[in-house]
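Comments concern the structure below.
Letters are used for the chains, namely A, B, C and D, taken in the order the chains are written, and counting of residues starts over at 1 for each.
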Amino acid sequence: MRLKYGMVGGGAGSFIGGAHRRSINLDGEAVLVAGSFSRDYENTLATGRELGIAEDRLYKSYAGMAKAEAQREDGIDFVVVVTPNHTHYAICKAFLEAGIHVSCDKPLAVNTGQAFELERLAREKDLLFLVTYTYAGHVTAKYAADLIKSGQIGQVRTVMAEYPQGWLADVDSGGGKQGEWRRDPAQSGNTNCLGDLGTHVENIVATMTGLKIKRVLAKMDVVVPGRVLDDNDFVMVEYEGGATGLYWTSQIAIGHDNSLRVRVYGDEGTILWFQEEPEKITVIRKDGSLTEQHRGYPAITPGAAAYSRLPSGHPEGWFEAMANLYASFIKCVKAKKEGTFSRGMIDFPTVEDGAEGIRFVEACLESSRNGNVWVEY
Amino acid sequence: MRLKYGMVGGGAGSFIGGAHRRSINLDGEAVLVAGSFSRDYENTLATGRELGIAEDRLYKSYAGMAKAEAQREDGIDFVVVVTPNHTHYAICKAFLEAGIHVSCDKPLAVNTGQAFELERLAREKDLLFLVTYTYAGHVTAKYAADLIKSGQIGQVRTVMAEYPQGWLADVDSGGGKQGEWRRDPAQSGNTNCLGDLGTHVENIVATMTGLKIKRVLAKMDVVVPGRVLDDNDFVMVEYEGGATGLYWTSQIAIGHDNSLRVRVYGDEGTILWFQEEPEKITVIRKDGSLTEQHRGYPAITPGAAAYSRLPSGHPEGWFEAMANLYASFIKCVKAKKEGTFSRGMIDFPTVEDGAEGIRFVEACLESSRNGNVWVEY
Amino acid sequence: MRLKYGMVGGGAGSFIGGAHRRSINLDGEAVLVAGSFSRDYENTLATGRELGIAEDRLYKSYAGMAKAEAQREDGIDFVVVVTPNHTHYAICKAFLEAGIHVSCDKPLAVNTGQAFELERLAREKDLLFLVTYTYAGHVTAKYAADLIKSGQIGQVRTVMAEYPQGWLADVDSGGGKQGEWRRDPAQSGNTNCLGDLGTHVENIVATMTGLKIKRVLAKMDVVVPGRVLDDNDFVMVEYEGGATGLYWTSQIAIGHDNSLRVRVYGDEGTILWFQEEPEKITVIRKDGSLTEQHRGYPAITPGAAAYSRLPSGHPEGWFEAMANLYASFIKCVKAKKEGTFSRGMIDFPTVEDGAEGIRFVEACLESSRNGNVWVEY
Amino acid sequence: MRLKYGMVGGGAGSFIGGAHRRSINLDGEAVLVAGSFSRDYENTLATGRELGIAEDRLYKSYAGMAKAEAQREDGIDFVVVVTPNHTHYAICKAFLEAGIHVSCDKPLAVNTGQAFELERLAREKDLLFLVTYTYAGHVTAKYAADLIKSGQIGQVRTVMAEYPQGWLADVDSGGGKQGEWRRDPAQSGNTNCLGDLGTHVENIVATMTGLKIKRVLAKMDVVVPGRVLDDNDFVMVEYEGGATGLYWTSQIAIGHDNSLRVRVYGDEGTILWFQEEPEKITVIRKDGSLTEQHRGYPAITPGAAAYSRLPSGHPEGWFEAMANLYASFIKCVKAKKEGTFSRGMIDFPTVEDGAEGIRFVEACLESSRNGNVWVEY
């Protein structure tokens, strides 16, 4: 049984819409049948035709789409929301209220008020809600989480996490449309770099280690002259239980493409993980032995290994990571339909995880605004 | 316009069939509508249903399928052949004779007689023929070829190419079904390792450098006791024009996953390329400066860069490489249908390239059989 | 002309004494002729005999040695002080007062009072004073400084520097004698990790970038239960002119041997440098091109290249870095003797640099003690 | 007790003489007291004065030096021969006949006649003879040998060894004096690249694996137009017992500094070793686990670890490798003087190992000359 899904956003000119569609296509377990790809209906029509979607399911507005699809017998099983950040809340709310499962790009919302409301609504409606923190989908990230949970590196003591990019190093550098809205407070909220990259860092550390943040001390800087929002951020973190963390996110670090890197130091060992080389992970034991393990090796835990599509040495990457989120989400949606769902099946970032990201951003903004002081969670 | 394609082979238990389907899905430019997935019709039926194919297009035999699809008005635009090596010839021949474009997994055939016949037939019928040498599809491999063609490393002097794997290091190790037929002369021809891996090496070197082999001296060894076919091979190569090459392929090299590596040394510089890290390429100039370039960088030539689907730092891998072969093939098939095709559009390995691989294997077999002597091409 | 030198500390059981002697031996430009190797005179005698030193120049106390050597016509040209940190001040003072040039291991002293006094004294007596921040001696570190000074990466925006080690990850792990005194407040002052590793970080960043610290915010933690002094430290830094820095030092980071790493991000490019692989340096331009340069390459600036003893590819390491400090120091001492000295000849860390390290530590201690607040310099 | 040694060759303009002296200085267990540094006596005098050697021990000829030093009561304990290859034989012979232990740079001689004669003479005179194959001195190389000898990777199946350099990529490139004699048949024998680099490869493989060569098939090419001697060589090797090897040496491989790399594949695991990164070694087990071990780790075997001078993370390199050869050689010479010597103490390449290198070169020359045929040992 293949599921049916719809998409809001992702029209001509959008990068992320196509990326989600490609990731879902990779396994072919869900088919795109409806969309409101743009606020410009011409764009929606053109995109829809290109994608082979029936014209009656190309909608002028997300609100109309939510309503219509909810009423159709063959309506969509879930919606994918890939619009600018500041619009996530209203769109997700409309679909949740229509009783439709939601996948929403991160960051979930622009403030915790919105985030907690979506969280509440999803729970109330008993709907599944995927927030697409892509990197949590990597087999090696899942494996790292399994290793830490099972005590392989002992108790976590300190976490070094960073996510530098260099593409906004110039005042007018910038990736066109993408770069623009990321630097516009109206569309991005009060942060650019930390909101975009810091939420990934917060999520991947939480996913891998299970640590809960107790308080943060942030220094959010605007480096490039003339820019309004932060483009280089330092955060000190204290977690419940006494572990500490140090995060760095940057968009002005020339030479870094998309360098999300996490290093977790426990009292029995260390784990090193790097998003740009997701096929391998380094595990170090207290005796100093450093072992590199590859996706597809016998050592990889079964739960993580289940997401491999190719033998090791045949590189998987970003699309596969995203596809892995959808693999679990789609499996859960199917189980919901078939009445076999249980919460233990969830192996993807949820609306709760999305809300944690927004909380993190808000606490950092408060810390930075007040002169880099500790802000309790 | 999305094309329609059929598949021969790729039923339950097959790895490579699913890999081709996923690669084609990634871009969604062709839809699977027909198949003869197995010699076991039950398997074909089950696979076809799972893939949502209409029952009347699930065929008991490839021969029947070729005939029926050729006669349908909505018949397939091309067929994908992913059966064991020894069956490639007959199947491809049937579809070519039916006037259908062909994509066939490598190696193309088990001897040059077969290969040249397919070459002849494709030319005679004026049909497109893709041989899926996956690694030639990597953006960085295409870029390497562009660099060399435009003289960036001067005249090529020597080529070091290797493709070691470790998965058949044990007599009974072995990847189940996959391992089995690879070690069976009846299904694989007179070679295992060189036929499988050596053809990749031959193709990627030819693709990158444009060099034509003049003669080879090969030492094909059976290392694991009890095995019949080669599992570790050395080949010395002389190319037309005076350059030399040294190739190593192995299936008993513990620790290597799928380590196809090519190093090309010219009189003005050097290029280093490694399949397991396909996102980057190293270019060294005579002054010793070593530059690492990533897929997605401005330096990447436009022809190669056109195949990127994600910004650099968002890893692409094996599926994308395969998808790139199909991207060009499908574009050409469309152009054929629309009457806009010209040979210059071909940016994929063809039946001629496939035949070169078989020629290489036959020359090496002769050399090895005769005590590691030079065999002229 | 070979110089004569003496040593205080470095008897049997000392690691660092032998390391200094070996480094000086490498070039053979100075000969050890006197010593007070231990507070235990038997140790001094035994060490001295083993090293072939005349008995009349083996001293019971550093004070006696300073006096006696100052009076001999063939007295030592300089002294090397390799005793525990808390004794540096008194010993260096004695030799400075005796008019003898000094090389002292880092950290220079245990507080700024001591450090500034040594600085004053050296200036007053017009004596040369080397503080052996080993890593500043690497050819590639000198090259990095040259590149930055000449504007190759534009204006520095942010600096990421870290120095993790793992050898004190356990409460009782730890390198015997060495580990002991490092964890003892009486011998190490009020810090262990930051005093030892943080001073290296402060120095190498200052050496490479020329940046002056304006203020620091430090979080100095004791991670291993039962320990008294810090073993894991985070520091946020603001430099004059607006650049920022983030430092991490740790002794509990399992898997790291001696991993001093500096990354400097400018508005025109980036420099990556790693102490454990000192033979290479990575320079990235704004266009994304990443160039790896090796010690011994034509690109290396002449001032840095002059310190190479071997062609590139023949690895140099820690002894050579230390030897490079001595090479410049000894050259300056000779020039002093010959009346040809000028301050521009100094290419080694001086007492002023040593004092900067102590200032850094004191500011961090104050910040950490007061709840991780900014402390102005 | 420090030994006394003399040197033949190593005058002004020589690179290797200073390299030997520095390596011996590092430990300070032997002192240079005599020399005939050049055929030009003025050079010998100038070099000797600079090194602080008494004038009566600066000799006009090696023959005179051998005779005079043999007669002095305080004569040298050993001689270091660092002259061009074609002169090694006569000089070593003179010192052996004078009863003086010898250290000679590799390659030992220019033909096996010379090599076997030196071997015979050393045995007859019961003298120690070190051939300075530097790379055999690396702690990690010794560790690799220990691992293989103790069966950690099972039975060796195939060896991939290469030693590419790029410094002679141009017809007139070339390192001045050094480059010149290496390309001159009169001084280098009938080979340049294989004689220089191939002997290192032969030795390090033999040292690590203990394998004995049965036969070779070599292709020795002159790549750079106008050159007389080989600059790019391929060699296929068969060892006794059935293992195989593939060697590549090159001086025209732009981008390689000094890239001696050895990969040993056994039926239980694999060892990867790279001379340019001698601080680490990679060991892979059959289960695919890849472990990187560093010099100084507990896993390093005691016999190898004994040669470490610094903790891991404090890089050691080329001088230390050379110093390690001398450490064992000097220890054996001392033991000879004290009557405590036994052959089991020898942990350095001997005249027998040196002769093996010459045998290898001669067999390769014969193979290449005869059209790349197998030549039995």
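The rule is simple: a contact is a pair of C-beta atoms (placed from the backbone, for glycine too) under 8 Å apart; a residue touches a chain by one contact, two chains touch by 3 or more.
As the structure is a prediction and not an experimental result, all values here were calculated from the model.
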item: Chains contacting each of chain A and chain B, listed by label; value: C, D
item: Chain whose average C-alpha position is farthest from chain D's own; value: A
item: Selected interface, A-D versus B-D, where C-beta contact pairs are more numerous; value: B-D
item: CA centroid of chain B to CA centroid of chain D, Å; value: 44
item: Inter-centroid spacing, chain D versus chain C (mean Cα positions, whole Å); value: 35
item: Centre distance in Å when chain A and chain D are each reduced to the mean of their C-alpha atoms; value: 56
item: For chain D, residues contacting two or more additional chains; value: 288, 290, 294, 312
item: Chain C contact footprint on chain A (complex, rising order); value: 153, 157-158, 160, 162, 166, 169-170, 217, 219, 221, 223, 232, 234, 236, 244, 246, 248, 250, 252-255, 265-270, 272, 282, 284-286, 288, 290, 371-374
item: Contact set on chain B toward chain C in their complex; value: 287-294, 297-299, 312
item: Residue ranges of chain C touching chain D (in the complex, touch as defined); value: 2, 19, 21-22, 25-28, 51-52, 165, 167, 256-259, 275-279, 294, 296, 309-320
